[in-house]
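Listed below are the structures to be examined.
Both complexes shown next keep subunit A, but they swap its partner, so subunit B is in the first and subunit C is in the second.
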Partner chain A sequence: MTALRLHLRTSPLRWILLPLVALPLAILLSQPGSWVGSWPETGAAVQLSAFFLSVVAAGAAAWMSGSSSRHGLDEQTAAAAVPAARAEAYRLGATTVLLLVPYLIAAAVGFAFTARTFPAGIQLWFGYVLMGTVVMLLAVAWGWALGRYFDPAYSALIALLSWFAFRAFPGETVDLGVVNGPAWRQPDTEALLVRFVFAAVFLAAIVWAPRRPMRRRPNWKGLVFPVTGAAAAVIATMTTTGVSDRHIPENPLCVAGEVEMCLWPEDSRHVPVVEALDGRLSTLPAFWRLPERLHEYGLKRQRVSRGGEVFSQLEGDFRIPAGSKWGLALDLSNAVIAQTLKSCDWDSIRKAEDFGPETLRKWLEFYLAESSTPEYRTSDVSQGMQEAWSVASAAFTEMSPRRQLEWTRQQLDRVKATYCG
Partner chain B sequence: MDSLVIARGGIEDHSFRPSRTFALARRAWVAFALAVLLGVLTAWAGRYEAPVPTASGDGDATLPMWRLLTMGVGTLPALGLHSALRGLEEVGTDVHRRAERRYLLCLSLACAGAYLAVAASALDLPVAGIILRSLPGWLGLALVSGRFLGWRLAWVLPAGALCVLVYWGSTGDGGHHEWWEFSARPHDDVPSLLLSLCLLLGGVTAASATSWRAARLTGGRA
Partner chain C sequence: MGISQGYGKTRVIDRFDMELAPGVVGLLGPNGAGKTTLLRTMATIMPPREGKVVLDDTVVDGEHAARHARRRIGYLPQKFGCDPGMRVADFVRYAAWMRGMPAERWDSAADLALAQVDLVEHRRTKMRRLSGGMRQRAGIAWAIVGQPSLVLLDEPTVGLDPRQRLQFRKIVSGLRQSVVVLSTHLIEDIDAICDQVIVLHDGTPKFTGTTAELAALGRDDLPGDTNLERAYMNLLPGEEQRL
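Entry: the complex of A and B
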């Protein structure tokens, strides 16, 4: 431990520790959406910083790896009383710790923000943080391995480019990381622990690899252990699933009101938004039919048959992306329109390209959100839809509340008279 | 000063070629070979786009591989300046500095030329234009980084800048980028070109600020 402490105190990485800490913190604190107050979102936000931090870590590890050669100490290290592998293990250990510190500081900051309300689901935060830790370990191992064998001037660039390319391209398919952490998804902690162990094995295996084996006579036997370690880490990563759908909880968080809305317990921070929009629903006139109960996405499952194979997939009535009232207003307006026009022939509406129901839905969305300027963006919107939204916007902004009531009543009557039995 | 001239005259008398010696002390061929390799990779998979996280929360934000590899090519010439005799070279005279400038110019042009020649065959003209425009910017950042941290660490600033550009550079408006995102904005974007050239200018200035010059400017001792 004394040797490790000595390496920690003398490593040149400590000079760049401040920018290394600043990078994940800046990424964490500038992230869109409110991750504060939700453990899975906090964990995912922290884990996201590992995407970029690992790129720098791969380069830094490659640079540190070549420090013996850089200072012309290869021969001294090889002839030292302490085995060369042990000496390198200390250097690698200190490098790993110093490169993990910025990430763990970001994790601690994320924890501190959400711990103030301490909602349910802290194990999800841990899972996502572990996910990012595995990425950091793999990046350090990759960088260190390349730093040992490539030209010391270029190894860091090769390491960071190859790691970035791997992380951004095939890394996407093996879910090494996530962009967000919705409550209905969970990091598979067991699988991630397996990945963590194999990443650590890979890290340890590099130390035992022969130094510069390709320079004079290749020591193929010496490569067996590190290559096996690397292969095990890759196989463990490729064959495990990092994130999966969660089971429906027995006791979801249901907010009673005009419409009972059930949330994931981890999304308790959304209760004020739900209550606010439920308050708006209660002010709607009686000709609007409201559903009795709505579920957040993931709290329902539906059996789907595709290609002769039956499987269940997640369902739900609403989402509240980034805690925005607009996401909820959009889904609530859909639910209310579906309930109000339940007996209508929707196929006929579609065939006739009648955007009347869409106009009403959009008006409802504006009414619930109490604004006509949505926070979300839309793309590839048809001409008819755009016109319908313009009409809804004009009605909401230009008509008096009383006139809006009459107008919506007339529109609804027309749609019902035309398409509903 | 007279003694310097005499010394230089003596060197020339013995057919000493500083630029050649300067290049031989470095492994420029590795930089050139890597530029060709990156060109091959760009031609092969340069158009491949991977989803990347962005601060704007744009779920559709992607990073084409050519942008990543261009950063690498732009950094190579600065890394190629690395020498095991760095400490000794600090006291190099204008002969040494002239050789350094020639070496950097030739290696930059060779790397950029080789990379573009190999990669351009598989890329559209506008993309080749963006690559050509962003290379000076990356080189400038690498020179600044190398000057202050040592040439072996010339990758630090470009790597950090790439993270910043990728994460904060997207406006989240359907693939649009901030005005300072010089590595991704359209090929005919003037602010990006100016920024790229300014970065190069900054890099060249930093590279020419030797410890002697810096000491003279600050009034301190070399």
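Entry: the complex of A and C
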């Protein structure tokens, strides 16, 4: 039996290990299952578990930090041959392992779901798991530091609330966690490794810092070590980027059809929905002009100049949020309308507040999705737009398919005659 | 020169100089006599202000030497701590680890210590489920695991009923291969198990010798039911007024 195993066996945290495992699993499995089949989405899905688990971990670490004193072991520890720093390092190590294991179990469960299809991009899953690991380490370090110097009854609550506040506000601005993992973004592994190292430095600084003497007030000078460690971890976090845009892949996944649609290889699970909507595009009459090729968001770049600085901006023709056919149908309808009315004067259309093109686009969206009830919601829609959608909905639901196509041709002819030279 | 010890400007132990041989040494004295401070100094928790602790011919000088010495010192504070959810065997294994013993010896050392305190059957019982007497025996197992050459027990019989105290005496009597220093208020414990007695008052030893030698100091005109009690009163006249 090793010292770490002895500490794992005897840690009070083992009594709440089951709820600790259940919490991130419940959070992961209660999310819509759109993450299944995509490594970056699978890795990102478990970050929500890491968010809540890290809050619990900060409180639990603060509680565990004071457990030796709470159980009256200070005198026995002072009389031990094992140096106090080593004794604390083992307790902190066991605490870290027991709080990290539930997160890693949730990550492993996510892995098992997506591994069934084993798509491309597993390195992105590892990156996101590393991101959550850093969060968990920082939470444990934060909680332990508070518990070490303050009364355990307060420190656990303070650690829990302060970590939640940090994660909910500034923590999100520095990519400490993510809520989704689109294929065009990637966890910055180098930056995350830097964060990981500084989180470990923070943990080590806490253990090396002087302990609070028994029956005395806190040793404020002793705070220099953990505060320096915390500052280093915060600076490392603030000055690095957790996620960044990916380079365009050399071989995107292009689905041949009426319109060739190119996807990120990691989004291969979306091929069926792409093929289904491409099949609908192929049934449109010839007066609808179709683009030759469309790209998923991020597969195209545009050089943009802003404030004298030139940078590359992500571009794309469509997105498939959460695998939704409605998301794709909306973007495809826009692309087809743009192609069909390519030679039209859009400024004039806007000035005239003519919603004819929007009526046709909405009808096309319904046509591609084969339904008039979108699964998304809209807000702050203008009166004219609402009326246009109502007309499109009525046409789609009340007219026969043949009549609909005739109606769309008439509408297109009117728009073209008015705005397209 | 002996060791001196204190807190702030208060001197609690004043030039205590004594060589202890294997056997049970009773440390007797009123509250505030300095018994706990002396034990903590011997346990190397508090470096002495003056003088040095010597263990097995090695001077305990500095933190490194103290840590080395602690491998051979078993110390049970009066209010010893434990995780109530810990099993008895793990509690003693934990003590073995804190004593700096190699991992391969933890199990055998814990088994031996538990056998010595008659807790083998309760090795899987959680600490919170132990009775007061059993908990105290587990504490003694903590102190004696690895058979240290110096065992320091601070008021270990406080709160024990008569049957538990008899059991305790039996256990301590079996530890005579080590130097066992037993701090207590209870003269009957001293009478039953101690080979040597130190009567401490205001940080200085008022008496050092065998229990028979102490008993010989008892005078019939002093209060007390036994010669030892009368001798104690003889050595510490202030105690008579406190009765």
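Definition applied: the second predicted complex is superposed on the first by the 405 of 421 C-alpha atoms of A that agree within 3 Å, B and C clash if a C-alpha of one lies under 4 Å from a C-alpha of the other, contacts with A are read in each partner's own complex, and residues count from 1 in each chain.
The rule is short, and it goes like this: a residue touches a chain if its C-beta (ideal position, glycine included) is under 8 Å from a C-beta of that chain, and two chains touch if they have at least 3 such contacts.
Since the model is a prediction, treat every value here as computed from it, not as a measurement.
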When subunit B and subunit C are modelled together on subunit A, clash or fit: fit
Partner chain(s) touched by A:Ala87 [first = subunit B, second = subunit C, both, neither]: second
Contacts of A:Ala3 with subunit B and subunit C, given as first, second, both or neither: second
Partner chain in contact with A:Leu161 - subunit B first, subunit C second, else both or neither: first
Partner chain in contact with A:Ala394 - subunit B first, subunit C second, else both or neither: neither
Touching partner for A:Gln31 - first (subunit B), second (subunit C), both, neither: first
Subunit B versus subunit C as contact partner of A:Ala78, first or second or both or neither: second
Greater subunit A contact set [subunit C / subunit B]: B
Computed vertex angle (subunit A) for partners subunit B and subunit C, CA, steps of 10°: 50
Touching partner for A:Val227 - first (subunit B), second (subunit C), both, neither: neither
First, second, both or neither for A:Val179, with subunit B first and subunit C second: first
Nearest Cα pair across subunit B and subunit C, whole Å: 10
Touching both subunit C and subunit B, counted on subunit A across the two superposed complexes: none
Subunit A residues touching subunit C - in the complex, by the definition given at the top: 1-3, 6, 9-10, 12, 15, 67-68, 71-83, 87
Contact set on subunit B toward subunit A in their complex: 27, 30-31, 34, 38, 45, 48, 50-53, 55-57, 59, 63, 65, 68-69, 71-72, 75-76, 79-80, 82, 151-153, 155-156, 159-160, 162-163, 166-168, 172-174
Complex contact set, residues of subunit A against subunit B: 16, 19, 23, 27, 30-33, 48, 51-52, 55-56, 59, 63, 70, 151-154, 156-158, 160-161, 164-165, 168-169, 172, 179, 322, 377, 379
For the subunit C and subunit A complex, residues of the former touching the latter: 43-45, 67-68, 70-71, 73, 75, 77, 79-86, 90, 93-95, 97-100, 103, 106-107, 142
